[in-house]
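Note that subunit A is present in both complexes that follow, paired respectively with subunit B and with subunit C.
And then the complex of A and B:
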């Protein structure tokens, strides 16, 4: 390791040691993407390739973030300046995710605002049994809003140094998140239409599907935070990992609100 | 002995700072579990000092009172932004060496290096890391 711990280190920045994880991640992306495309075209090897690619991807991410935790919590290399850089960086990442979802909302509104004559020039297209927004989707809205409140409770508990309250609040958040995923999976299983059912099916499942993936990612992030908090990694003044998870969770919640209002409510009957 | 409790999660819960630093209470101070450089930065701030180098600031350097630039080694890259107000100019970069005053080619500001560290070439002695 380079000379870090004595007064020769004059700058506050963290110049990371060489790491194999970036290139490992790019190598893992190849079977993931190629396997994904093959699987979509129902070629048998696709599933295996996609699965092994995803496995390599997830393992590399685990190793990479494990190293970040070692460098920050265990080696103390995250000075105030590095912390600030992470805050800006993560906010910019969330901004890029917002742009990602804007694309799918654009696609939805493009078709829903000017419905094609082939589907009856109405939206939703004639013949489709669309979900009742005031059933499970509304329950999911309340669940996510509640989980947004509980993650904020957890944050305040962390500030106050109430470690047990923080663990409880995080547990509530995670249970609510899992409940959302379960309910949404049930909706997917019981839906009377599929992704192949015209433009309605495509926009519905791509938008809500990507949202679901982000909820799963956010849930895993929160679970990691709960484990790290249990291990004592977070202090009242330095807990950026938790803050990043909370920001991501609020972003997921806001996307759902837009989905509910646009696709389920306005886009329904 | 660390406090135990059961939350909604159903986990047995020892106070986290004790889990990480050991059960001995005297290990935990108001800096918590901070360690390494992060801890040094916090300790320096508590003592009212700065841990990191900051860009040098001071009055316009003249021949009688040159601008003193502190350096850990025997040379440092310095940028001159000119004088106050309308005397500002685009930053001119140069290497300022020990025992050699430098005059800015645009505004004439005079700089002098003051070595506050071990000296020698910048970046430390080569071949001796690890």
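And then the complex of A and C:
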């Protein structure tokens, strides 16, 4: 791994050692995507291929990020300069995710603002029992807003060096996140319409579905932060992993607010 | 020979919504003023000018089957 010449480098950047994880990740993407497409076309082998591909993908990500933790927390290679680069990089990643969601909101508004004559030129289309926004969706809004507050609480506790408070605040955030996921899963199970129910079904489930995936990813990220904090990886001045998780969580919250206002409230009866 | 007048609600080249709206207005008029009311005939002339006949036939069939999506 690293040797003495690394400390003689006379620059603050981190030139990473060669790693097998990037190419492993790309190999793992092949069964994931091929299996996914097969599964969408109801071919039996698809499910198995998709599952094993996802397993490989997740394990590779674990190994890759474990190496990042080894390089940063244990080997100290993340200087202030590297830290700044990560901040910009992660913000740009979130910006790309925003663009991703803009695509699905565009699709929704394209169909909802000028509803097709074939389905009665009204939105929501005739005959669809759409969710009452002031039921579970509103509760979910409050849950996410609350979890945004608790993750900020955890951040301030980290700044102040109050480790116990930070653990508690992270725990509250994670419980709220899991509650959101549970409630959305119940809404999906009990929905009287499916993704195949016309353009309403398509736009509803693609937008809320991708949001749900992002919530799950954000929850896993927060759980990893909780574990790392418990192991003492974070200091009051250097805890970028936590900050990235908190930014991602706020992004997920904001996307939900847009979903609630546009699709559930404006797009409902 | 006359056709449907310009309707400021539908200024663009695509007149699909214009055709559909006149068709709905005809049936709304019929529902409110009774079948065969003379005021409704102008809407009927408008939609017959604007709409492709295949669409009118399809919508009339849907009405007969009770599965027409529109509000009237």
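Annotations for the structure displayed:
The criterion applied here is as follows: the second predicted complex is superposed on the first by the 262 of 269 C-alpha atoms of A that agree within 3 Å, B and C clash if a C-alpha of one lies under 4 Å from a C-alpha of the other, contacts with A are read in each partner's own complex, and residues count from 1 in each chain.
As a convention for this text, contacts are C-beta pairs under 8 Å (C-beta built on N, C-alpha and C of every residue); 3 or more make two chains touch, one makes a residue touch a chain.
Computed from a prediction, not measured in an experiment: that's the story for all the values here.
In the superposed model, A:117 makes contact with subunit C only, not with subunit B.
Contacts of A:15 after superposition: neither subunit B nor subunit C is touched. Look at A:235: by the touch rule set out above, it reaches subunit B but stays clear of subunit C.
In the superposed model, A:99 lies in contact with neither subunit B nor subunit C. Contact comparison for subunit A: of subunit B and subunit C, B touches the greater number of residues.
Of the two partner chains placed around the shared chain by superposition, subunit B is the only one that A:74 touches, whereas subunit C remains out of contact. In the superposed model, A:168 lies in contact with subunit B only, and not with subunit C. In the superposition on chain A, the residues of subunit A contacted by subunit B and by subunit C do not overlap at all. Against subunit B, the residues of subunit A that register as touching in their complex are 1-5, 8-12, 73-81, 163-164, 167-168, 170-172, 175, 226, 229-238. Across the complex, subunit B meets subunit A through its residues 5, 7-9, 11, 13, 15-21, 32-41, 51-53, 72, 117-118, 124, 129-130.
Interface residues of subunit A, counted against subunit C in their complex, comprise 114, 117-122, 125-127.
Taken in their complex, subunit C has these residues touching subunit A: 16-17, 20-21, 69-71.
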